[in-house]
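In the two complexes below, subunit A is the common chain; its partner is subunit B in one and subunit C in the other.
Entry: the complex of A and B
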């Protein structure tokens, strides 16, 4: 656009996807899931992507050969929310309001950390939302929703986040 | 239960080192033009010129990081990584489907460039020739001239343009180089987005947001042909969402030398410019900026005993970017620009420009991105004529209304996209003009882009083309404007960008341009052949290639450079009797190359080198030359930096361009020192 503009930009830049992928990986280290979500010490920690995968290879690069407390990291892709069996972090690449409502409804009661970047993501019930500020990636966290799902978020992560609630966003 | 694992916080900085710059040199200079009819048009044009011419360091984190390296960053550092998209970020250039090259703040700083035109030398796809102390001939893809009229230049969205000759007065664009974020140089037509006059290229100068210029910056320089230069800037924040800066910069540039006998041309140039900028983010979805500059400029291109030209001006630009949703955003921008120039011979020019521009971008379904916009510009242009040198009428209100629409269609997701659009403009002289463009971009992999485009662009008439009269005596015109119509180009481009490694990138752009209705000067009836009348009697074609390379060899050594080849053929139409056969419109080198090296050395020393080669200019003849600039910078403390820069080191004197007027000059070797404080 005129002056200072994304003349050729249409999709998220590769750098943006890369940074977000690394954030997703980092989140695994700042969240505590209920013990029952890991049947045993070697059970995988599953990062799921619902909808189109925006990360290219970056999420693979970020998670390959990584273990979090002996839990190997695994990436799964889901076309619909019904395909989700077991999952710890879910990146929800859906911005349609109705669809999002359905997703959050069906995830209710499950200890899944939901992450997204659509504008209404938190307002509709998501937990962590990426946004861009001055060309840098920042994130909002809805602590109440995470708590309700049995997740504990490290204060280290909270300190860097913009804390929001479902109502005031 | 997952516990937290601490990450290693790899401290890295982006950075390159110092730079020096290079300059040019030339051996003997015998650039004397032949006299006689072949130079008639240039005489005509330059006659007018004679009159005119009287005259932090964005502390971002390294952009070349692998995912593995990013993982080693702390969350805080990760939140400081800039993720800007293509046109905003050199890295993402990889997918840009045009011949865009970017000069970064780091490139400028490390080169030791003192002025904007010197900084533009760092774009290998531009031809930049210094004419005298205060004038430059700058163009892309040929047609270089002091009155170059096929290049569009914008500073933060404000078109820097005089309707006098459809070009740029480079002497009044004295921005503070420290506050430049980057300069995007797009060679090739940009008419679909930018409109008329973006025929051969667009220079988009983008200043830093005031968010990135907090604190005090002060610099002072002195050198062998730099009597003095000083700048002061202060920036801060009023609230978390509102930041500001104010600056003032001023200099006195020393003289060039006369080509005839190497004596001092006494064409010193002084200028003072100041301004401010506010950036306000009222919400996450809105960005507002307001900026203004004011200047007083005293160039003296004629030199000798001439009185310097006085040029003054000011401008205000307001811009609002708003994100409507994930799928849509818009930008509204408006500016006012005032320029006034007293040539000190009785001729003055006064221009008030009012511009408003709106653009909207929508994601339509999964495959389309539609951009459209509307713009309006009024130029209130007034001159004080001389008896034998006139623009008629003296006062003219020029308008430009424009609309454009462009669709970017994703044919194969992430792989193949097709862009089609056109600008439609209505101007005071020629009515409606169309600048369509079709572009196909194939991205076989993330690091590999092949693009091709066909574009049309126009150079609409300026006042010199239509309203200009030079007379030998009252009622005895020598040269007159005419019903000149727009010059047109159809450009065929093919480009390739590849990034074989994360530290290495190449871009190759090739083009074939077909020009029609280029300005000619037609002799009048016998016996004297006057008045000479401007017409659209020249056709032409150019083809060429532009190669650009950047290479981060090590964490402390950065290389960039390029090679540009240009082949140009102009000829007159059967109806034309232009004795110059069109050549007077331009004087271009066939080959150019540039290498810029920036090294960060131990002991807080930076070494920058710029080596440049410019081929000979055919007519008027100017020998080819090499330029070498070297800058050594030492930063003993965070707040203090000391620089020494040598420019044009290879020769005592060299010539870069031979205008018909004022007299041709030589540029000498020079050295200057600079002290910088940052708090």
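Entry: the complex of A and C
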């Protein structure tokens, strides 16, 4: 994994990380997960990070003491896909094509919102991809994949996003 | 003109119009106030609802830092022309998006205010929290002009004024018709009352128009007229009877009076003839047969002649008095000074002048029959001299003074006078307060004076204290000014 560090074109700035962390948290408010993903009202909403954590403690800051509909927010870090047992949002900090394929394959059939920022993230089967436009963080959403995973994305969120499909990206 | 002086028709209409006008005004004001309050509440509610919709739609834009999208959401407010400005503040209170896009940021409040709406400088201001689930993402600011409200106010004002005008017009037309039901019988009554008092015609009757109080009034009025008419008829009848009776009595009296006058005249006249015979034969007896008669016979003949003369005087006076009843007086101006002087001079020729002192004041002229007034003076002055004979010095004062548009003349003496207790007999015919032996006279003098002055529409009266002299007064009309 250390060898992959060279693939990072540049280290994201701290502001960019902060915005992404907030966005990640905000997604929880505009996306609905199937009810079965929450066994009871107090079940936590889990935000997982696969690979290196690019957010420092910004994500902790954004989520501390926050609740989504009485579901407390929990952040979990995973080294490998196999560690993922149960999670709602997964930030995939992996850009290697083969590894990504593996990840998406193992997540198939699970209602997990996948978020990433590597160039081919959507093309390989990711749901939301951050990108920078005019110094602003924006995102693309692959509605079909999200739908297939049983997730409902708010139209308000969709309006802000660039809607893409697996093929045309 | 005060309300109480205007005609009843206008009074009734004024009352109706003022009342309906006041009610209308109150109703319209209440309606107006209610509408304004409701509309204001509605406007506030609408703005609040609009704010909630916009706020709900702005959550994602705020959450994902997309001001373009927020501007787009706000731009939808174009559909609502009364929204003059809208702004979206992020959770830190920084202006994030605005509408319209071209107005300066300084037009917006620097910080969002407390949630809720308020009126500020004739603008309606509304602050709405932008919430996603329970999370406060920012604040929406809406600024609406109140033109809608002013437009509504203008519309309502127009409607209210129109309603008032139309209603008052209707009230005017209705009251003009309806007031007649009250005023018509009253006016009819007033007209009848006026006709009655103007023409004294009690035969007219007011027409009854209904069974209300005015109908009762009309009935009472008509009953009163009937009573007055009956009483009036009675009075007229009584009056006519009375006049008739007076005329009858007057005629009877006149006849009786005339008979009495002609009787006394003819009696007096007829008495003279035998008296003249007695006088004539007694004088022949005195002249021719004097030597055949002794002294006692001579004394008797003298007594017969003396009494015959006295009776002649009496008849003369009676005739004079009787003639006065028939005589018409010639009202001419009399120079009283010269008249009295002639009379007094005649007396002084006869009397022993040393004993008599007659003082005459300046006497104003008067209207009257010169011969008759002269007789008055003669009688008064002769009486004054006669009843003062016993005094050592006879003092007579003749004067005058004005009294109530007339001139009063008087003759005052210092003679025996008379007792005022017998005053009412003073001016009667043949009435004497002193004996024939004490003072000569027939007792007709004052009666003649009284009759003459009465014929001149004057008055005669006297004052006296027994043994201290008497004053006799008579009044006459002064001469007319233009005759002077």
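A few comments on the model shown:
Keep in mind that, in the parts below, the second predicted complex is superposed on the first by the 159 of 169 C-alpha atoms of A that agree within 3 Å, B and C clash if a C-alpha of one lies under 4 Å from a C-alpha of the other, contacts with A are read in each partner's own complex, and residues count from 1 in each chain.
Note that a contact is a pair of C-beta atoms (placed from the backbone, for glycine too) under 8 Å apart; a residue touches a chain by one contact, two chains touch by 3 or more.
On a predicted model such as this, the values are computed, not experimentally measured, just so you know.
The superposition on subunit A brings subunit B into a clash with subunit C. Look at A:62: by the touch rule set out above, it reaches subunit B but stays clear of subunit C. In the superposed model, A:157 lies in contact with both subunit B and subunit C. Residue contacts after overlaying the shared chain place A:118 against subunit B, while subunit C stays out of touching range.
Subunit A is touched at more residues by one of its partners, and among subunit B and subunit C that partner is B.
Once the two complexes are laid over each other on the shared chain, residue contacts for A:21 go to subunit B alone; subunit C is not touched.
By the document's definition of touching, neither partner reaches A:78: not subunit B, not subunit C. Judged by the touch definition given at the top, the superposed model places A:137 against both subunit B and subunit C. Among 6-14, 24-32, 42-50 or 60-68, the region of subunit C with C-alpha atoms clashing against subunit B is 60-68. Shared interface residues of subunit A, touching subunit B in one complex and subunit C in the other, are 19, 23, 26, 29-30, 68-69, 136-137, 154, 156-157, 160. Every residue of subunit A that touches subunit C in the complex is listed here, in rising order: 19, 23, 26, 29-30, 66, 68-69, 136-137, 139, 154, 156-157, 159-160. Those residues of subunit A lying in contact with subunit B across their complex are 1-16, 18-19, 21-23, 25-26, 28-33, 35, 38, 45, 56, 58, 61-62, 68-69, 71, 95, 118-119, 131-138, 154, 156-157, 160. For subunit B in complex with subunit A, the touching residues are 1-5, 7, 63, 66-68, 70-71, 73, 75-76, 78-89, 91-92, 95-98, 154, 156-157, 193, 204, 206, 209, 211, 281, 284, 319, 321, 325-327, 329, 331, 333, 357, 359, 361, 363, 369, 371, 373, 408, 410, 414, 417, 446.
Of all the residues in subunit C, the ones that touch subunit A in their complex are 57, 59-61, 63-66, 69, 132-133, 135.
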